[in-house]
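When the chains are written out, they are named A, B, C and D in that same order, and each has its own residue count from 1.
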Amino acid sequence: MNHKNMNFRTDLALERRDLYRKANDIKEEIPGIKTEEEYKDSMTISRVKILNDEGANAIGKPIGNYITIDIKDLRLASEEEIQKAAEILSEELKKLYDVHLEEKQDILVVGLGNIGVTADALGPNVVRDIDITRHLLKYAPQYLEEDTRSVSAIAPGVLGTTGIETQEILKGIVDNVKPKLIIVIDSLASKSIERISSTIQIADTGIVPGAGVENTRKEISENSLGIPVIALGIPTVVELATLVSEGIDIFIERLQEKSKSNGFLNELQKEDKYEEVKEALKVGDYNMIVTPKEIDDLIENMSSVVARGINMSL
Amino acid sequence: MNHKNMNFRTDLALERRDLYRKANDIKEEIPGIKTEEEYKDSMTISRVKILNDEGANAIGKPIGNYITIDIKDLRLASEEEIQKAAEILSEELKKLYDVHLEEKQDILVVGLGNIGVTADALGPNVVRDIDITRHLLKYAPQYLEEDTRSVSAIAPGVLGTTGIETQEILKGIVDNVKPKLIIVIDSLASKSIERISSTIQIADTGIVPGAGVENTRKEISENSLGIPVIALGIPTVVELATLVSEGIDIFIERLQEKSKSNGFLNELQKEDKYEEVKEALKVGDYNMIVTPKEIDDLIENMSSVVARGINMSL
Amino acid sequence: MNHKNMNFRTDLALERRDLYRKANDIKEEIPGIKTEEEYKDSMTISRVKILNDEGANAIGKPIGNYITIDIKDLRLASEEEIQKAAEILSEELKKLYDVHLEEKQDILVVGLGNIGVTADALGPNVVRDIDITRHLLKYAPQYLEEDTRSVSAIAPGVLGTTGIETQEILKGIVDNVKPKLIIVIDSLASKSIERISSTIQIADTGIVPGAGVENTRKEISENSLGIPVIALGIPTVVELATLVSEGIDIFIERLQEKSKSNGFLNELQKEDKYEEVKEALKVGDYNMIVTPKEIDDLIENMSSVVARGINMSL
Amino acid sequence: MNHKNMNFRTDLALERRDLYRKANDIKEEIPGIKTEEEYKDSMTISRVKILNDEGANAIGKPIGNYITIDIKDLRLASEEEIQKAAEILSEELKKLYDVHLEEKQDILVVGLGNIGVTADALGPNVVRDIDITRHLLKYAPQYLEEDTRSVSAIAPGVLGTTGIETQEILKGIVDNVKPKLIIVIDSLASKSIERISSTIQIADTGIVPGAGVENTRKEISENSLGIPVIALGIPTVVELATLVSEGIDIFIERLQEKSKSNGFLNELQKEDKYEEVKEALKVGDYNMIVTPKEIDDLIENMSSVVARGINMSL
């Protein structure tokens, strides 16, 4: 198997690491990658560190830190649980500020996505709830505490509604507003439907918008913008072919348990069924990405978690 | 195979008929069922007539007429195409009025579903755009043409947000408002993702809300309400297990085409994988129903089609 | 001056009492009316008790209790302030349950208004957040505590979108669901723009929907429905003529302060300018009712207060 | 009276011209200003041309063309009337392209305003419906006709939610995207409530966002951005003090008609009551701007008119 060309169908470093280990029968850690897990208030915090090119090539993600916070049952979350999740997010963000920022330097928050599409509205929703200070520092500093950090925010829309690459828009804003760090909120694709709007991935490597859904555009990163970019990614969709492909694996496992297995079945399971399934399922343009029926509530709760987490961290 | 206990996982009579024929290797029509197809302006209109108990038992739907209008690419529909679809819907409705109503008798339009959940908001959205006349006939008849029909409409909410069976609410309203016919708009489950918000089923048999998603409540029909009930059902969700189960079938077919088939594979395909897959996929409460990412646009366009169609028919 | 025919242009008993006293130069309390005030957590709670027909005739409201909670700056309310306001509302509601209900009897919450009109959406918004139990008591009692009260809720829409009087709809539901008390949430007209979505009036007398905006429909009360009706009214609009009329009074007062006054000015101020102003301002159908630009935020915060207050009280 | 310091409280050149003529008893045209009127399909099109500094100083607007389209009863507009209004808007825009653009040069559409505030959402709503081509010309030119013009669009948000001046955002985008003309859609303040969301002002002079509501920020114009800026302004709010001030004038006129007039009243009417009234009405931060209750429907219809008008013109 060609390790470099795996099609992961997920933007989460954690899921990619697990897929890579499974596909390559690696029992220990992948060379060039280090992982830690922590449990806190019924949430799981995983820290995947890609240390060098070997690790980066294995799972197709740049060198850097990827922190994943898994929140259970966010759909039914109480006020209290939302608050707790926001606190954990805030702590993780502060650790990254310590690495990438001097005290009280300007931050720009960017909410990617299309406010008119429920499953894609998380970024713009978060921006709406961020506590902005930049204009007050300029026009009404007397209302702010002395050491308030300058925070600005923008929801630049998506290529399909603006006709402009997000990177082109951000470049102009960075040139004029001159922040020292960007926090980007983005909707991701994951492999598992239970992670939808229930998991946050924090990466200090920036992002390529839409990469997870086969829609590559220009990256948003220190490389392209000249300042550090922290990416907050939240899975909101799963590809249909991924779902079915997983389903077939599960199905075959069940058959094997019932000792119906034979050589053929084993072979079946080793193959990458994804491309096959994807081809077979192609029924038009809009069949490839699915989102659970409860997406409205999920997005609302996750927006609260992220907006509060960012506000607390500033 | 026990014909009566098939689990169809679809509310569409047309899909059930096809499933039944496939499962029972019936090449001709199912006894007790008659089907016709018509093509018009790039739309397909199918008319399934269940003639007697034998037909009713086969596909688990009461005796009556089920008309399915398939609209292609409704997501990208132009103003013109929406108008055309509305006209066809209007014609079909008028045929049913001719059977069930005397001239200009009162009609009540009922939009089922939860306005706060995108995939379930079609009914309430339609109600918002229906041309209501009942209050004008009462308080300002001078503004209406002489033979205007009395039309009223309600979006009663769902059991989960009201705590009241829809049937209980409608019973009270029918007693007080005394319409002669009810048109109910409901969100359905179908088997195929390309039918989502692109197909309308018109049935003169009434409906059981939520039947398609394993959530049986009391029926809304002439039986229970004492007046004829025309049901306009639009698929807005597909069950995940259905998708995966279909996907496995498609996958196996592909393998067979590539002459990898053997006796075991054939056996695999005959089995009902649904329950197996469903069991295997159970990862929580919210994983069972999926809806495409484009659901916002789809619902908006379909709401236009249905509201206009009903308005034209009145 | 004919006391009975005053045109109050406000649904708030408190504002009507003040207007009546001013118009009739009454320094003390109006005969048949008793008023108390209380301050709590920067909120003002006023209790107007109409004791007999004399009081009822004076301010054009039925005999009963009218409690007004004034919340300052609700537009900018913190989570904490919303919670505090909800607690005060909850306490006042519990006092009324003690008078009108035996322990744990069924309650129906009714949210009046049009969910598609921001300034009229408060009722439906609140209903969405009420903790419903009636269906769980019926289908899943094992998940509830033993003495849970049965709560159901409905947003019946408005005459303009349903064609059906709200009272007709509620009658049918009361007959079928058989609650022992109704809580109705309604949008009111007030005289002062700073009360918009910042004041709650609780009345144990029921309501006549739309009365404050000259749009009289059938009353929703113990009289018409056979069970006690608690009305939660929140001002969301002010009539333009009311605003201008008030403005003229304020303007004349200013002129008088500057000793520009003369006999004519005094006379001017005594007259009821409302009808005059209303006539003069008539520029179409939609000019008569105004709402502040901030209405979206105001409605959102007030919906939180009311939904939480009701939930806590149950 | 100091002509230069009139406080117009309206962003419409047409209303300012009328106010100036009235205040200065000018029967003919103001020197330096030329006006024409045209009636078409029950709409009124007014063309105010400011020819020189004298005209510009008189009404406080830069030299240029101001075209006002008044649409009657847009709230109740039929599909057909929306289409007609869009056609007239399209024709006027094309005339301006002829002056300011060579054939098929790039255009950027900018929708100002806050999508979360109904009365301020017109700009972002319009942007959502603009037919964008820039990305298709770049990535999929085969789907476009040969001479398709490059159109991009952005809704940059407002200072209060971004912390960034709109001009700063646009400067960066213009530098990177390099359009040859900008069309800005903005919400305006007017003096008359019947113009709310029923009038479009087209100006080839650019705009100063928020100028009409005493919230001056940096201008968006050829001056500041280096390319021509066409401003489409639609009134969505009226200041309360303006309303009351108008109301007092109307009221006094009525009194005079009834021969109650005297010298004092005449004097009263000449004074500028606005500042007086504004001072008197100050009851908090949010009382100064009002919008009619029907604003949701009005905004929706006007968004259709403007988006279609722009699309047709391109």
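Note that contacts are C-beta pairs under 8 Å (C-beta built on N, C-alpha and C of every residue); 3 or more make two chains touch, one makes a residue touch a chain.
Predicted model, so just to flag it, every value in this text is computed and none were measured.
Student: Which of A-D, A-B or C-D has the same interface as B-C, meaning more than half of the contact pairs match by residue number?
Tutor: Comparing each option in A-D, A-B or C-D with B-C, the repeat is A-D.
Student: Which chain is most remote from chain C in terms of Cα centres?
Tutor: A
Student: Please tell me the distance, in whole Å, between the geometric centres of chain A and chain D computed from their C-alpha atoms.
Tutor: Inter-chain centre distance comes to 41 Å.
Student: Could you state the distance in Å from the CA-based centre of chain C to that of chain D?
Tutor: 36
Student: Could you tell me the distance, in whole angstrom, between the mean C-alpha positions of chain B and chain D?
Tutor: So the centre of chain B lies 46 Å away from the centre of chain D.
Student: For chain A, what residues touch not just one other chain but two or more?
Tutor: Expected reply: 116.
Student: Considering only which chains touch which, how would you classify the arrangement: line, ring, star, complete or other?
Tutor: Chain contacts: single closed ring, each chain with exactly two partners.
Student: By the document's touch rule, what are all the touching chain pairs in this structure?
Tutor: A-B, A-D, B-C, C-D
Student: Where on chain D does chain C make contact in their complex?
Tutor: So the residues of chain D touching chain C come out as 73, 75, 116-120, 192-194, 237, 240-241, 243-248, 250-251, 253-255, 260, 262, 264-265, 268, 273, 276-277, 279-281, 283-287, 289-297.
Student: For the complex, give me every residue of chain D touching chain A.
Tutor: For chain D paired with chain A, touching residues are 115-116, 127-128, 132-136, 150-157, 159-165, 168-169, 171-177.
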